Amino acid sequence: MPEGQRPTPRGPLDARQVPRFAGPATFARLPTLEAMGQCDVAILGIPFDSGVTYRPGARFGPSAIRQGSRLLRGYHPALDVEPFFLQQVVDAGDVACTPFDIEEALAQIQAGVTQVLQRSGAVIALGGDHTVALAMLRAVRQRLGPVAVIHLDAHLDTWSTYFGAAYTHGTPFRRAAEEGLLISDRSVHVGIRGPLFSRDDLPQDSDLGFRQIETSTVAELGPAGVAEQVRERVGDAPVYISVDIDVLDPAHAPGTGTPEPAGLDSRELLGVLRKLAGLPIVSADVVEVAPAYDHAEITAIAAAHVVYELLGLLALGPAARS
Amino acid sequence: MPEGQRPTPRGPLDARQVPRFAGPATFARLPTLEAMGQCDVAILGIPFDSGVTYRPGARFGPSAIRQGSRLLRGYHPALDVEPFFLQQVVDAGDVACTPFDIEEALAQIQAGVTQVLQRSGAVIALGGDHTVALAMLRAVRQRLGPVAVIHLDAHLDTWSTYFGAAYTHGTPFRRAAEEGLLISDRSVHVGIRGPLFSRDDLPQDSDLGFRQIETSTVAELGPAGVAEQVRERVGDAPVYISVDIDVLDPAHAPGTGTPEPAGLDSRELLGVLRKLAGLPIVSADVVEVAPAYDHAEITAIAAAHVVYELLGLLALGPAARS
Amino acid sequence: MPEGQRPTPRGPLDARQVPRFAGPATFARLPTLEAMGQCDVAILGIPFDSGVTYRPGARFGPSAIRQGSRLLRGYHPALDVEPFFLQQVVDAGDVACTPFDIEEALAQIQAGVTQVLQRSGAVIALGGDHTVALAMLRAVRQRLGPVAVIHLDAHLDTWSTYFGAAYTHGTPFRRAAEEGLLISDRSVHVGIRGPLFSRDDLPQDSDLGFRQIETSTVAELGPAGVAEQVRERVGDAPVYISVDIDVLDPAHAPGTGTPEPAGLDSRELLGVLRKLAGLPIVSADVVEVAPAYDHAEITAIAAAHVVYELLGLLALGPAARS
Amino acid sequence: MPEGQRPTPRGPLDARQVPRFAGPATFARLPTLEAMGQCDVAILGIPFDSGVTYRPGARFGPSAIRQGSRLLRGYHPALDVEPFFLQQVVDAGDVACTPFDIEEALAQIQAGVTQVLQRSGAVIALGGDHTVALAMLRAVRQRLGPVAVIHLDAHLDTWSTYFGAAYTHGTPFRRAAEEGLLISDRSVHVGIRGPLFSRDDLPQDSDLGFRQIETSTVAELGPAGVAEQVRERVGDAPVYISVDIDVLDPAHAPGTGTPEPAGLDSRELLGVLRKLAGLPIVSADVVEVAPAYDHAEITAIAAAHVVYELLGLLALGPAARS
Amino acid sequence: MPEGQRPTPRGPLDARQVPRFAGPATFARLPTLEAMGQCDVAILGIPFDSGVTYRPGARFGPSAIRQGSRLLRGYHPALDVEPFFLQQVVDAGDVACTPFDIEEALAQIQAGVTQVLQRSGAVIALGGDHTVALAMLRAVRQRLGPVAVIHLDAHLDTWSTYFGAAYTHGTPFRRAAEEGLLISDRSVHVGIRGPLFSRDDLPQDSDLGFRQIETSTVAELGPAGVAEQVRERVGDAPVYISVDIDVLDPAHAPGTGTPEPAGLDSRELLGVLRKLAGLPIVSADVVEVAPAYDHAEITAIAAAHVVYELLGLLALGPAARS
Amino acid sequence: MPEGQRPTPRGPLDARQVPRFAGPATFARLPTLEAMGQCDVAILGIPFDSGVTYRPGARFGPSAIRQGSRLLRGYHPALDVEPFFLQQVVDAGDVACTPFDIEEALAQIQAGVTQVLQRSGAVIALGGDHTVALAMLRAVRQRLGPVAVIHLDAHLDTWSTYFGAAYTHGTPFRRAAEEGLLISDRSVHVGIRGPLFSRDDLPQDSDLGFRQIETSTVAELGPAGVAEQVRERVGDAPVYISVDIDVLDPAHAPGTGTPEPAGLDSRELLGVLRKLAGLPIVSADVVEVAPAYDHAEITAIAAAHVVYELLGLLALGPAARS
């Protein structure tokens, strides 16, 4: 993005001038993409939840995460980085897509993401349910080629069909593998746990090119140890990070659709992400925040901090530094 | 239903033997259709909410209404009737239908209702969103011919399309009119209120053969006056009653998807229903209970009492008395 | 109570000196009975809920009602009376009673009430479930003889037994009638509604000496008309008022154990009570507030205002004026 | 406002193109004042709640009311008016003001309102607590001279001081009267009820030039009768409408700071407002929505509908028609 | 159980045919004991909470845990076992017992459990409060002789009396020891923490034959270390596992009656249970889930997963394998 | 305090005589300072929250913490101490202070604390927001000279001004350092985490004489390791402990104003405190409990246990032992 065409970079509203409970409802009270024209990173809401198999409501995720982001501040001490000032971050609003037809919605989302990617170096999507990751990966593939996926989730999301439907929140990564959106054998699930449909689920997932790092492994190795395994897995591939908020324990993320006990706590999740600094991240999503089940915004605030970590990683990554 | 083939009629569990917080989670702790074989009235859950335009969650409506029905007792003093003893009422369980394809789901629901109607004189459906009323009306039409609809709702639900989709919770009665499921000029909306999309909504609704009785009219005339207008409208036609719980004010029914202030209170709603005793009711639905937004079960309990009123009407109607 | 023995009368803390969210957790931040020695009216908590048949939790009612009473102020404009200044009102704390044995608890409660009545002209009990009314009536009978009961409730509470138990929250008024605690044919239920166990419930209740004024009658006659019927019924008998908070609609009182839709709104309830000014009230209770089901304290605040109305009636009654 | 300088008028996003749970978090998804430059009516958030005496939290009122306004549609059938199309309505964002110094904040709010009034025919403020009404009235006075106030509230808000503080949410109308912001003897409180600090409160309020219409009067006369009394009182004076959401019963508006039972229901409140069509309304506020105490957004949605009624009145008033 | 008498084994409904939010409200949507006749493991609800000393409400525990079990799937990867297919698991419904008399209820529960044990190899009880463990242990003793108890709980539950009552949720294991239901010196508490009534509590507990493993020990040793100590303690005795959900931290289990901070997280609890594979478990209970205090079902879901672990242990134990 | 002047020491009400849900709403149902005259430790409510920058509501903290303290018992096994019996602990009620002027309130609080310190060896303040720590430290300084502060919090609270205000909940420790209330270089923050306003925040904090121990350090070193660092830092200085409940993770303390994910769990927090036994603690506070955002009292209960730990430390400290 040529420096000359750029308007003055702008960060969040100053909380010492406008209280954090006031001001625009954009992510972290950042300027809009409409106002800035272009940017390094765009936060994009994808309020779609028609792919869920249990509790719906993630359609209200983007507005909840934005509300939960009002407390974010400008300097990230653990990474020693200012995510909003090293790069221009904007809020690109919401993709408009139909709740009534999943495949049509996927096309609309992909088109919306593609449009934003024309004006942004990277997109962080706010879901919506996990179905939207497929549309994100399609748009990223189109622009940048296949990627390695670091997928933080309680579930594999590589099931085949459900009620005969190919596109649901349980299938995006199987579809992505089948459609050639992923670099072979570079992707990894982190935080997997809980009962599976059958004994075949894990081998089938491996056959699709994924490695599984279970929550119990996170407990044993700690965030640094897990991050090392992840780095080893993805190598130098361009990376897409997909965070299903249910990778967190229900105590930390009650506001989600398919909660699984015995998950990560928020310290572990942010810890793993921080240890990925330096990876060439191309885009990301944070999905499955269902505010109707949240309490005191704890899920939404956790999700907003996940986005903040992702912004830190983008600021420290090779793309941002170039 | 020939008396000889019938098993011993059975009512709800006796609360003085099994506390109401114990025992099976069927509606009012009634026997199942599976156990009874056939019945006069079947309560049927239709956990489908993929047709909603705002807050989803009515897929959990059937289980919430069943839980809310545990407090019902056997004798209805206002109607002087014992709804569970004058007729065999059963819980027919839930229709299994896909959440991922609206038209496929409509077909599955219609098939499920049709199956139950082969063993039951009438069905009271527990939604689910209002889309399910179309499948109910199709099944009823197939069995009994067209009907008059008494539709209690804050909204007209005769919009045409939304995002290009013909079948949503905002369109069932337009589709029903178009498909010839309704007797011409015998149907009526009760409880209409709030902002509309355009000035054309009301005339178009009238053209489809509906009369509108607004909430403000209920306030003026009272339940008895409203019931009189309704009776005049439906005449001696067979009647299908469709109750969207959002006909109640949000204070009385917070647990719903598209709340509108200034609605009926629960006393008015039950009052209107009671005044319809004697009408030839053929089936009914109670829809749009979204438990994630409910508090202390007040919406679910109100819905359970609506079902109880409907059972009273069925017990007092010509069908039951024949 | 001879004026000379009395300490300086004291009202609630002044909200302009100590904010209402601060200060002691007594009812309306009044002085304690311990501090004052004696009083005209004592507010007495009875945290007992082992008699409930559905949702428990009214054991936390007294503390919730006290918290809800912080907003009360000193002057009652509708009755033109200052309930805290015309008479010395105190908080007498809680009766200690076992949750594990209902009959033992009844004896403990009766003893506790009797003790307070030795130092107070009247008691207003904060329940607890409706079982406590029986202990209250026994203590009142012992001191003053039988009374007329004005019973505001969705339910009759004159059932006989439940699981073989004679003393539960569904039976206090039958027991009271049987034990001769009531003046014959002077008592009345107000706000009755909803399904009954059987067609015999109402005639049996009448046989016990009660009259029933149903919620639908309140809707027709309004508070003034109802109060007139109540006054006619009680005549000049000494009056005990028992308010089950479920006489309110669940929209107004979600925090209760056996909610019934189609109830009174809080304006009607306070309206009926206000119209009873002048009656010779001897004591009262407000029961069945179950805070775990409350929201934003609306049930507790309504109950605190019911107590405030009762205090107004006591201040205006012949006992207080003598 | 000369037509030529105006950009194309724009209404809310079309819900049939962008689902109502998506899109910008402006009121009713309207364009911003920044985008439109000028307008007929500006919705202005004033997230200030440091003047409250009991439950704080109205600082989050503006964002909650905006979220609650997503369900509004374009045509108001009861008034037969299209409030978003007869006039250009915009969202002017939030005033930035300090939470730490009430008088400083009042000056900041007044300045903010004044700025908006330079580009807008009228302002509807979203509170915030009732203190903000004083700043609104000061700004309106400066621009248009004194006004008659129609004040819908459970409380008088004409107390003198509290803890020695002159400016709190209990005093705005006393201060306004003292500062000459009101036309003498043209103002009226509607919905007054509940306990007062002393017998002097009402006469003092009358001395300040207010008339009181109590909730019980609303119950007796109905919305139309009340509106008639209000119209008589205000005559042909320019009118400022101030709606404290606690004029509603806690069942209808749990999310507020000083709830009083026995209030208006939302049908009555909207009913009174509708009957004021034709009055020359100059600006208005809707205050005291405290979302932390709300449930299922029912308070916020009621407040959004109050704003919608106010927009209808503005569209039908002489100012808009000129 | 002779293979010949057995109906075709049946597992939970297939979630790919009937969505998990639909279908019967049995545990994990399993068949009923009534339908299957006999089974290997019966899930039995015991909705009794009259023994609680603080927050009541566990009477609604069985229905909440069943609702929370809808998300369970068929294959347990950590134990590599299919708990629903290696053994016939059924839902045996609820025991009917009086809420009004604790000793009578204990007898009713014991009788109910005994009946089920005649048709089932083992019972997993869903409480209800911890009092029910005594009835379970009596029934188990009667059938199988004394057992070792592995008791996971924040509290010892070996207090003597409370208000003179011998049978409460604080005393079951003292009574069990006194009644000879336990094998001497084989039982152990896991997860003990928090303030005690007196310095004597721990020595008295030891004298009754229990060992205590405190939560701080779990934190130090980890699940595997704790399980080793437990195994050492119980030796080869037949084992009864009793899980009070308050062994979890309130963050993980808010929905309980006597919460204690600083507890286990759900990962630790499931981790300890998994490490007990191979023990000869004879029956078990999961108690003290009080849904009125739960949020987003997180407590109920955790409890359902505890049951799932117990089913895994039963499937892997010597009884199941024989 | 000379033994002779002391009334009979009294502990909490016996829970086996008065159920814990009954009895006075003092902390742990202890006697009042008014009743006892003097004491070793006074629990003092400071219901002030006008210094908050985001969610208000901590004004209701004292009553919530008192309610949450009902479950505490008399013996602390981990410290082997009886905090209520080794020393006389009382509830000193609430300080009355204005919510409308921060500096005036600080003076009122300081005066109130000073008064209590004249009759008590130490004060444990229940906030209220963190602004109150400044008033506490001023009062402590006046009586005992400067102190070392052990500050457990997610935030530094050494910012300079906010909206030009010097005294807010973000600034108490900067003001304390500037006013000479602290012993130089003896204070320490524990639990710091999350985004900061700028890169300068940490060095400026160090310049003010604080050391920072981050949450990640707690995770690495464990409570014992952290406590060792804290002990080393404070040396033999008199110690003031200030616990902002947001040092806990939002999963453990949702009921607070400025939640930060990735915090301590309650086991870690209590663990750190326990390891400080023996330090010469002079007074303490527990602040920022905002009950409107709490669920099932988990935040309030955690805060009550923090107070219990502080009481244990005081009982074991040199002051108490002297």
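In this document, chain identifiers A, B, C, D, E and F correspond to the written order of the chains, with residue numbering beginning at 1 in each.
In this section, a contact is a pair of C-beta atoms (placed from the backbone, for glycine too) under 8 Å apart; a residue touches a chain by one contact, two chains touch by 3 or more.
Worth saying up front: this structure is predicted, and the values here are computed from it rather than measured.
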{"item": "Reference chain F; chain at largest CA-centroid distance", "value": "B"}
{"item": "Chain C and chain E, separation of their C-alpha mean positions in angstrom", "value": "41"}
{"item": "Chain centre separation in whole Å, for chain F relative to chain B (CA means)", "value": "55"}
{"item": "Per-residue overlap in chain C, given as positions that touch at least 2 other chains", "value": "17, 19, 21, 53, 55, 59-60, 98-99, 162-163, 249, 251, 265, 293, 295"}
{"item": "Chain-level touch network, classified as line, ring, star, complete or other", "value": "other"}
{"item": "Residues of chain A that touch chain B when the two form their complex", "value": "49-53, 55-57, 59-60, 98-102, 162-165, 167-168, 292-293"}
{"item": "Sites on chain D touched by chain C in the complex", "value": "53-55, 161-163, 193-199, 201-202, 214-216, 219, 249-251, 254-255, 258-263, 265, 293-295"}
{"item": "Chain E - residues contacting chain A, complex", "value": "15-17, 19-21, 70-78, 80, 82, 249, 251-252, 265-267, 269-271, 295-298, 301-302, 305, 308"}
{"item": "Residues of chain A defined as touching chain D within the complex", "value": "17-19, 21-25, 45, 47, 59-60, 62-63, 66-67, 93-99"}
